[in-house]
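So, here's a batch of structures to check.
In what comes next, subunit A is part of two complexes: it sits with subunit B in the first one and with subunit C in the second one.
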Partner chain A sequence: MEPTGAEGGHPGTALGLDQGHTEGEGGMPERFANPGLPPHVSRSADLGEHAARRAERQVAALFGISMVATVIFLVAYFAIDQNTYRFVPGIGQANLSNIVLGVTLGLSLLCIGLGAVHWAKTLMPDTEVTEARHPQRSSDDARAEAVETIMAGGDATQLARRPLIRYMLGGALGLFALPLGLQVAGSLGPLPHAELSTTFWRKGMRLVRDPELSPIKASDVTIGSVFNVMPEGIDKSHDVLEEKGKAAVLLMRLNPDDIKIAKERDWGHDGIVAYSKICTHVGCPVGLYEQQTHHLLCPCHQSTFDVTEDCKVIFGPAHRPLPQLKITVDAEGYLVADSAFREAVGPSFWERG
Partner chain B sequence: MNALAARRRHPAAILLLLLLGLVATGGLYSLLAPKPAQAATATADDVNAGKMLFLANCATCHGLHAEGSKDAPSLAGVGAAAVDFQVGTGRMPLAGPGVQAAASKKIMFTDAQIASLAAYVASLSPGPAIPDDQYTKGDGNIAHGNELFKVNCAMCHNFAGSGGALTRGKYAPSLRNVTGTHIYEAMVSGPQSMPVFNDANLSPTDKNDIISYLHELDKNKNPGGMNLGNLGPVSEGMFIWVFGLGLMIGAAVWLGAKAA
Partner chain C sequence: MSNAATPKGAAGLRAKDAKPSSAKGSGLAGWVDDRTGAAKPVSYLLKKVFPDHWSFMLGEIAMFSLIILLLTGTFLTFWFVPSAGQVIYNGSYVPLKGIAMSEAFKSTVDISFEVRGGLIIRQIHHWAALMFTVSITVHMFRVFFTGAFRKPREINWVIGTVLSLLAINEGFTGYSLPDDLLSGTGLRAAEGFMQSVPVVGSYLAYFVFGGAFPGEAIIPRLYTTHVLLLPALIVGLFTAHIVLVAVHKHTQYPGPGKTNDNVVGYPMMPVYMAKAGGFFFIVFGITTLMAALVTINPIWLYGPYNPSAVTAGAQPDWYMGFADGALRLFPGFFEFHVFGFTLSLNVFIPSLVVMPLLYGIAGAYPFIESWVTGDKREHHLLDRPRNAPARTGLGVMAISFYLILFFAAGNDLMAIKLGLSINDITRAFQILLIVVPPLAYWVTKRFCMSLQRHDRDLVLHGRETGRIVRTAEGAFFEVHQPLPEHQRWALVQHQSEKPLELTATVDANGVRRPGAFKERLRGKVSSFYFADSVDPVTPAELAAAHHDGSAHEAIEAPQEDAGQGWVGQLHGGAEERPETDAYAPHEHQHDHDHEVDPDSTTAR
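Up next is the complex of A and B:
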């Protein structure tokens, strides 16, 4: 290793890639020399009283700005009506009191900080100081004394002489660990059983509008319209929000000729089709239906489903098509479910496969 | 009379005069202001005038009998509501080819011309009519409108009505500062990608509630200013990551730098 480079190097004298290359002789040097601290570079404020005075004035000015801002804050607190809205450049129409109080309070605190840092950097001493580390190990006497103190304390408890206390204390502490462990173990269950695979939908349930929960006649659903649908009676279920989160369905009417998959047409009614609204990717509500392209878009990760092709995934991270709800009409002309969902709705889970 | 003359230079006199002038102007205006035309009573003249306008401005794309072409859809059954919405918001005539017609400040026709056009298109085949004033005033139940908006509209138009992206460059426009009539017409006619929300799905009263909610949003003031498009965590997160963290990094660099 040649000692040139770090020590002798000046900026602007760097060697080209094809220069200064020496073949190594192999092996490591006995010892790397301590390069020591770089030479101290004096600041302009250290060299001239003029620069030092200027730095002093800058620090004082920063503290001064802080004081002015604080005074403006105090005045503005009383002077500006809290319901005044003004146009503030760069921010737009905003509450004037809010803006002035925030800006002045921020400015007064910021300038105290800026002043303190500028003061420390320009005026306070900046010479590098080496402080030797003192030994960590205590003296032998102190160590012996510490051991003695601990042993004396142990004797004073009389634990060795009184086994009854010893065993009861051990029992109490040991038993106390159980409630802590039980909470962790208890939170691992119970297993969800069929809850992930089933929804509130059953055969014969009417399709009702969300949030009114009123039934829908097949003739109400005109071509190009979309209804947000829940199963009848969901408001009386045990966990309404959880059930709604699984049972949400989107009802659309297409021109039957536009539907390309026979199963989709069979499971619908006269071009009216119902699909789960829960994305098969991570369960966001897939609600963005485009009536001309018949694309269904999930707003979270842009998974796109084609309603004319049984909600096949045509873009995005979703892996499976949206499950279709088989529907029909009852004697009064209202839309009803012809069966529960035939597969689990929503994102994949372990047992789903 | 003398007492009145003596007080004519009183400081309050000018105020009183101003007040009188304002009351008189307001009263006269309410008496003489033109009443909004009733769209339901379209005359044969309207239809004829509308046909001339249609042939001159729309037939190139939509066909001589509004039957549509490869560039534009048929207008059969779209009704007066669709015409009033598309032309009244400046979406039609189309300014240029694109993924979807955009609302424009520049409305190409006067209100009377739009009414004639609407009457002509409505005369071709039945479709949704221009809504009655009582359902577009926005004096309905705001809370109910909010509930309906969250279920039926918010997925595309954003919780604050700021609009949002759809597939392949299409988008749901912002609903801020849109007139109640245009909101209503969009719901019944389903312009561009938007599905139709017919009266069986959302009753006229429901639609009025939604309009009320949107008008209430328009009135909402933003105490902090700088709403960043009301787009939620995306734009707000972007702002704080770029400017907040940028400021932090700048401060750290300054703290670590030696003084000159």
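Up next is the complex of A and C:
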């Protein structure tokens, strides 16, 4: 197609390159034509037997390395003790068996792959082949036939003529899954009842260190210290982990003057306060206590609670303060709970109120 | 695969490599064909053509990772004990001696220290799981940005989206199984997510965990989910995914000789048998080398799960990072107390709504786009991402949103490593989450359009050769070499979409037409997509750019300048090179018998 159109005449029509499609008036096509497949470019292995031989040797060598690596694996499996540790440059002390087995297995696999791909790229045909596509849609005849088959089949069942069967079948099919669904849903677990709202703590229980389970004297708790605390006797409980997951408490001593909330001071003992360790966000243990700022930080999602302000949330995704455990001292000077937790600990749930 | 069919397929490709075919079909292959009639489908399959491109390997990595996972996972079941029963450890790893732990944790430690080669299998399994989820994600990006989800492949896109969602949940159930301190904390959080469900949360949590957290039911239940339920779903959907790829025939990038009606590439036998088969071994080999040299999930360092303990810097596996990040960024004031009930949206939305929502939008995208464009044609030629600026922009916008959530899950590590305030980092992420995605859209779209203009420029003016020519008059210009026809085609083959015309909202009688609002919305979205589309160069434009006499079609140089000759027109100089092939008009000669309009297919 020759570019013609010189006969037209609007001088001075200046267009920016980005100003889109400009209609030509000559005999030029509106679009470029697909030039067809580019000419095949021969590879060195196609042209000379020397290059092909070299490629063959490379492929064979890769397969050879694979076999050698496999043999080393087999030997190393028996020869290297499972718990031998050696210094490996770049890694440090490392499990020798794991490294030798892994590297030999890896090389054994990798070299098979590299060999096969190299073989395909150098020696196998690289002339592109064209295959025709066809629309996904079936022909109209095929569609009509399918519809006809389905309709004829439907007629043959007489469902339309016999509504009694139709409704009863619908009812039976609609109901049969219910027993199966009920069985699995009904038997998966017990109802929670009040379990999420109660903990192992009872009035008069001693506070014991976790995990040593030794009781704590008020005088042991110096200002600035923090204790992981469990209720006494939790190790004798029927469900130790489940109870620990709710009863975990952090015990801290602050200067009583630093405590800004009267309730917090009243529920503590001489600046010693006890708070649930279970985050009110999604239940991670609130593991980090910043002694200087009296902040508690949950390492999972960084909810931050201010111990001087009754553990209210000062940052992060949690909403509710950590529940406080009311404590006092018994006759021997050990810290005891003065009451159970008065609200549910841990993450929020609908009926916690 | 039957051997008898093999030479048949290869014969046409390279006669000298083909062995004489046993036409009678005797031997084992004949025996099988007598009973199954497999020769025809097998030879069809072996002759099937697949186009070649590196980006098509991303899905293959996912496929091969799945095979590696099934293989190594089966091995692990031989030694893993899915039980929360408490035992005292007395194995060869000294630091844990005498410590109470679940049988699940103990058996995982035993796989790592007592079972010969057990650690390498465990580490291959975990690394392959990360490869699986990464490759699925990147494969999804490839499909999105090239428009491979368009008709007829919408169903396969939806299947792929579901597969991706299943894969990350399969990963979560897997890394929760060892019952170590890190994954146990993850399960504790998962229990918190369930509790946050409005109305039925506490019941849901008690049903899933078989009672109070942690309980003894969750490990066996996770195990069944991880080794039976989810793998069965994944393998089933994956099979459907692959069958549909074969039915549709693979998409191909636009290029010379490639049309919407053909597929250009190499046949299954022998080329893809060797390339894809070999690639399986490459993926397996590299995964194994990673497992050999890089420790992953050293649960013996974390210790057994204890509900009152926690590790600092607790991060999930990468694919759960975005959900964890969402949880960290969502402000606490979304918890409400109404009528004596607690509505904990600060947990419920980021943990249980964000993930299905993101995947739901992804799954719905092909249908949204086809509604906007009104395009009901089949598309087998891929879009270059720059040629669909709005779609590419939206994709990058989604990725930026995802990545900000992802990086927000590392806010604590950033605070420690960079010595910054965790509060500032979190606040910054909250702001970035709102500000960056629209910005990413805008920048990407502009970037695409700029690349399109660059393509136009390249087609119109050719490549700069760096060769400066001095004319007899003493003027200088640089010689530009026009693109060869085969290279040019990739830059001019596409058709740019135009926004839909807004139709009148009232009919001839002034009555509001039904559905007018929908039409208006569609018109608006369409113009959002295509209002500023850049067209590919047409033959006429190219001719004009070459100053070959089509003066009225001049593009760059206003005609008034023509009197000054080519001075200042550094792109030109054709007049000075009468003998060179490049700028002469014959460049545009085509054999129009072969012209194929890539978009005029289908829908008979």
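The working rule: the second predicted complex is superposed on the first by the 210 of 353 C-alpha atoms of A that agree within 3 Å, B and C clash if a C-alpha of one lies under 4 Å from a C-alpha of the other, contacts with A are read in each partner's own complex, and residues count from 1 in each chain.
Everything below uses one rule, namely that a contact is a pair of C-beta atoms (placed from the backbone, for glycine too) under 8 Å apart; a residue touches a chain by one contact, two chains touch by 3 or more.
Predicted model only: the values in this text are computed from it and were never measured.
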*Return first, second, both or neither, reflecting whether A:V103 touches subunit B, subunit C, both chains, or no partner chain.*
second
*asked:* Taking the superposition on A as described, I'd like to know which of subunit B and subunit C A:R31 touches: first, second, both or neither.
replied: second
*Looking at subunit A, which partner touches more of its residues: subunit C or subunit B?*
C
*Using the touch definition from the top, say if A:E195 reaches subunit B (first), subunit C (second), both or neither.*
second
*Is A:T293 contacted by the first partner subunit B, the second partner subunit C, both or neither?*
first
*Of the partners subunit B and subunit C, which touch A:L241 in the superposed model: first, second, both, neither?*
second
*Does the superposition put A:Q324 against subunit B (first), subunit C (second), both, or neither?*
neither
*Between subunit B (first) and subunit C (second), which, if any, makes contact with A:S276: first, second, both or neither?*
neither
*Answer with first, second, both or neither: which of subunit B and subunit C does A:D220 touch in the superposed model?*
first
*Using the touch definition from the top, say if A:D210 reaches subunit B (first), subunit C (second), both or neither.*
both
_subunit B and subunit C footprints on subunit A, overlapping residues_ = 91, 95, 98-99, 117, 121, 126, 210, 228, 285, 287-288, 297, 299, 302, 304, 315
_Quick check on the complex: what are the subunit B residues that touch subunit A?_
147-148, 151-152, 155-156, 164, 166-168, 170, 172, 190, 192-198, 200-201, 221-227, 254-255, 258-260
*Inside the complex, what are the residues of subunit A that reach subunit B?*
41, 43-45, 85, 88, 90-95, 98-99, 117, 121-122, 126, 209-211, 216-217, 219-228, 252, 285, 287-293, 295, 297, 299, 302, 304, 315
*Contact residues on subunit A for subunit C in the complex?*
1-3, 5-6, 8-15, 17-18, 20-26, 28-38, 77, 82-83, 91, 95, 97-99, 101-103, 105-117, 119-121, 124-133, 135-137, 185, 188-192, 195-196, 210, 228, 230, 239, 241-242, 244-246, 248, 277, 281-285, 287-288, 297, 299-304, 313, 315-320, 346-353
